[in-house]
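Consider the two complexes below, in which subunit A is the common component and subunit B and subunit C are the respective partners.
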Partner chain A sequence: MNKEIVIKTNKLTKKFGNFIAANELTFEVYKGEIFGFLGANGAGKTTAMKMLIGISKPSFGDAKIAGFDVYKQTEQIKRNIGYMSQKFSLYEDLTVKENVRLFGGIYGLSDKEIESKSEELINKLGMQQEADKLVASLPLGWKQKLSFSIAIFHSPKIVFLDEPTGGVDPVTRRQFWDMIYEAAHNGITVFVTTHYMDEAEYCDRVSIMVDGVIKALDSPKNLKSENNAKSMDEVFLILARGAKRGE
Partner chain B sequence: MRTLKFLLRKEFLQIFRNKLILRMIFIMPVLQLIILPFAANYEMKNILLSIVDRDHSEYSRKLINKFTSSGYFKLTNLSSSYADALNVIEEDKADLIIDIPQNFEKDLLRDSQSKIMISANAINGQTAGLAVSYSNTIIREFNNEIRTEWIQQPRLNSQPVIEITSSNWFNPRMNYKYFIVPGVLALLVTLVGFILTSLNIVKEKETGTIEQLNVSPIKKYQFILGKLIPFWILGMVVLIIGFAVSFVIYGIFPQGSFLIGFSFAGIYLIAILGFGLLTSTFAETQQQAMFIAYFFMMIFVLLGGLFAPIENMPDWAKYLTYINPVSYLIEVMRMIVLKGSGFADLAKHFGIITMFAVVLNVLAILNYKKTT
Partner chain C sequence: MKQLLTFIRKEFHHILRDTRTMMVLLGLPIVQLLIFGFAITNETRNSNIAILDNAKDEVTQKIISRMESSRYFDIDRSLTSNQQIESAFKTGKIKLAVVFQQNFQNELAHANKAQIQLIADATDPNQATTLVNYASSIIMDYQSELNQQNNLPYTINTEMRMLYNPELKGAYSSVPGVMGMILLLISTMMTSISIVREKEMGTMEILLVSPMKPMLVILSKAIPYFIVSLVNIATILLLSVFVLGMPIQGSIFLLIAVTILYLLCALSLGLLISTVTNSQLAAMLISLLGLLLPVVMLSGYAFPIANMPLPLQVISNIVPAKWYIIMVKSVMIKGMGFAGIWKESLIIIGMTFFFLFISVKRFKVRL
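Presenting the complex of A and B:
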């Protein structure tokens, strides 16, 4: 595997008053890998991710994303990453094409690039019929796939996915993961949080966060053998059993 | 600049797709300009009048006649005693009692003077004040008339008379609509600039789209301009519609220059848009934003001089109007529409509103964060 480091954190911490949401996170993510960022509800996954994408200032610790510092170079970070939030966040009152054009434009793609790439995107998603329909009228699974396609539309170095498959049916989830594989294959590093342990199996490496700290970080295969578990589900239960936080 | 172009295109697409808002933007000025000026009527007609005539003389009849023929009063009751008349007021069937004493005519002829008592129902102070002042005018006219009769008997004409006649500048017919309409125009511009803007931004917070923009390389100023420019244009369009409506319905055509009016409104809009933006940085939900906006709109209107003249306010309230941007727009609108004021007369207002624009926008920009 290509070992070029694209995310490197050192004791990255976020405090809200006395509450330590993310405690001294130290890890590395390599180029082109699918990195699963697991944890129970309230473990601090979203907080950690928000620091990495530059919309939340860390309390202390360091992190470099695509070589840029999370304190000083957030604008450069933003140019080099894609992000898909938990909440569906494309414009529902714009059409599929208009959303693609908007985000393409924001990331500085030329009109020509937007034109050709959006056609490619729509064909790939099989949305020719829906291209001029409002996003609000699409079923959730389609919205999520569209959201992901737009997050990687500007060919970012890293794409951050925050529980991208929540509430989506198994078939669509499978298709979604095919898209993730394809992106990784094209050299985009994928940083993904999820609740689904079967999805964790698809990752190259996973970290498991419990109560704000990273409890384990390895490939699914190693984690299973270390913990004498048959599946990631078991691994997760063993590690997260001691969790005090959560809903 | 390219980014801004994309943001503007998005904003206009959304505005034109929101049929309700779009309709409101066109219907609101028309309806408000039709309804409000007619409802906010300062003129009093049909003041209910009760008369106690104890004299039953030629003069007393003449005086009653003058009241009933003035057009302001409607004689609803003739009582024989003051107590009876008071009952009528208590039953709310009269607003004003005129009590003409016995020997009214006799005293007037013999002593050259006599007294009349006027009692007004002051539950509504404004009505009472107006009713009394109308009565004073009528009685003064009556007075003059009988004087004129006496002039023919020169020995009685001992006092020189100073007659006061007034002419009303800038609004010769005292048409209150001329006064209200420019104010309503100012209010409309404020509604669009303030409430629509803050709600629009907070809506992006609610749906999470703002987060998607925050993780993109959009610059703060690009985002803010992308919001301000469309609503600035919208506000100006509403103003244009408003002027057209007030011309068609009321025949009001500004005495002063459109250019100055629109320049002032343009700067004012920047100020009020900044305030909308500032509001949106405090609110997390549209409900909160609406509540804040409503609170300020009430203050803006009540302390803006639209209905209650600022000159009549106590000092502390006057100071509050100085920090109410709406009061400047209302005043400038009136000055331009009624008085035809030029730039030299309005330089102070321009200066102040520019300061508002700068301060509010700087605060909004400082408070708007892409990061938490």
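Presenting the complex of A and C:
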């Protein structure tokens, strides 16, 4: 196989005192793929993701994001990734356009680029009417879509999505995944954590974390046949049965 | 640089869209100034007063010893000339000076008339009036006792001079106080709340993941509130000069420089608060209880520090507003130059660095 590796970790570990939140994670993610990062609450997904995006220092182990080291080159990493957190995180008291302009400015895009790209973005989302309205007035589904569009506004190499579809209705979720597909198609690697097992089916490959360890990592199809399961839901239940941590 | 400008513009959007907060920020100084300008009176005890006894005779000694036995005064007898009075006032060592004319006893015995001059520091007009009243009543008591023993009435004339604030305007004490309070409130509370809000909303996480430097985020938060505070200073000064009729005796540039110094101190305190809290509510409570209360109670603005119990007097030293208010009074009312306030400036600078040092330390731990 001749796939370009964009995320490579080796025994990446995070300890909080005696508690090992993420234990020796070793995996690779390829360019342009949709990589599902699954696990129950408390399994260590968010901790792992925070190490990858450079806001939490690993206790030990290595990781390279887009070719940059998570210890020494966090600045370059930040320039090359996009991030959407589980909490809705645009500014509610700014308008749609102002939010876009702000994040474009933060990532150092020129005014011209911001102007043309934001028009494109607004047209694509069908938000022409809402462009000058405050974000607070938008329905949640729209906010999420806007949030994603802003996360990939600066054309990052990788976009990290932390439970992006929480609390969104099925139709909007479907539309959201269409946007994810499109981004992946354009060469942006998508690293996504989720609770919804039907969404796991949409991923190219998924890893399942249980109690801080990666229990399985393969394509949904292979995982199902290995475990004699009909759906990812079953796979997850089989693997996560032994979990001790959780809510 | 462009990042910074984009971000500052965003902060202004936040501030200007929240009209209610905006009104409070700009209206508060006006209301405060007008209310506090007239309301507060205090009893004053153990005030430091100085005595210039040009006569040194039996009668003056008697009057002095009566003043000494009163619980209102602590007496300094070391003065020997008028010039020393002036400098004692400027350094703030004394609040009142009592000057006896030469040949006091002789004049009283032969002309039945003698002069005592009472000079008070009226930068705090309430205190000045109270002290002058205490002193004159002691003198009057003595005079009436004398008159009981004699047929010919003796008159001791007391002549009062209210230094720095001859018309006893309340504004003289409330303007520096309001400046100290408002600037601290707006700069500290608003900065800390706006930083903590980003944490609470989850947007701080997004900013930390972006190439935006954390220091830049904080700088761009501080600048808009710095500007709002400058607007407030302008309002307060214009109001006090044109409505309350209070002059600016010293250099206005020195006053502004000192104020900017104080603003930086307040901003770094706000930064410190934002690093130790994670919710807007907590930031607000800390700012209100931890700042507003000590500023009003301990800065010497509402209640004279000299009247406080010793532990509180010691604590009052760590309230930045105390030092700022002293500086504003010195420059604005007494017309002093930098030479007179360098000590206070140094203290404020020291505090600023202390706050910055701790918050930078804490900030790194968090990342």
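Everything that follows uses one rule, which is that the second predicted complex is superposed on the first by the 245 of 247 C-alpha atoms of A that agree within 3 Å, B and C clash if a C-alpha of one lies under 4 Å from a C-alpha of the other, contacts with A are read in each partner's own complex, and residues count from 1 in each chain.
One rule holds in what follows: a contact is a pair of C-beta atoms (placed from the backbone, for glycine too) under 8 Å apart; a residue touches a chain by one contact, two chains touch by 3 or more.
From a predicted model like this one, the values you see are computed outputs, not experimental measurements.
Once the two complexes are overlaid through subunit A, subunit B and subunit C clash, as defined at the top of the document.
Look at A:I55: by the touch rule set out above, it reaches both subunit B and subunit C. Applying the stated contact rule after C-alpha superposition, one finds that A:E98 touches each of subunit B and subunit C. Of the two partner chains placed by the overlay, neither subunit B nor subunit C lies in contact with A:E4.
When the two complexes are laid over each other on chain A, subunit A has residues 53-55, 75, 78-79, 81, 83, 85, 87-94, 98, 101-103, 105-108 in contact with both subunit B and subunit C. Looking at the complex, you find that subunit C touches subunit A at residues 2-3, 5-7, 10, 13-14, 17-18, 201-203, 205-212, 367.
Against subunit A, the residues of subunit B that register as touching in their complex are 2-3, 5-7, 9-10, 13-14, 17-18, 207-209, 211-219, 370-372. Residue ranges of subunit A in contact with subunit C, taken from their complex: 53-55, 75, 78-79, 81, 83, 85, 87-94, 98, 101-103, 105-108, 134. Within the complex formed with subunit B, the residues of subunit A that make contact are 50, 53-57, 74-75, 78-79, 81, 83, 85, 87-94, 98, 101-103, 105-108.
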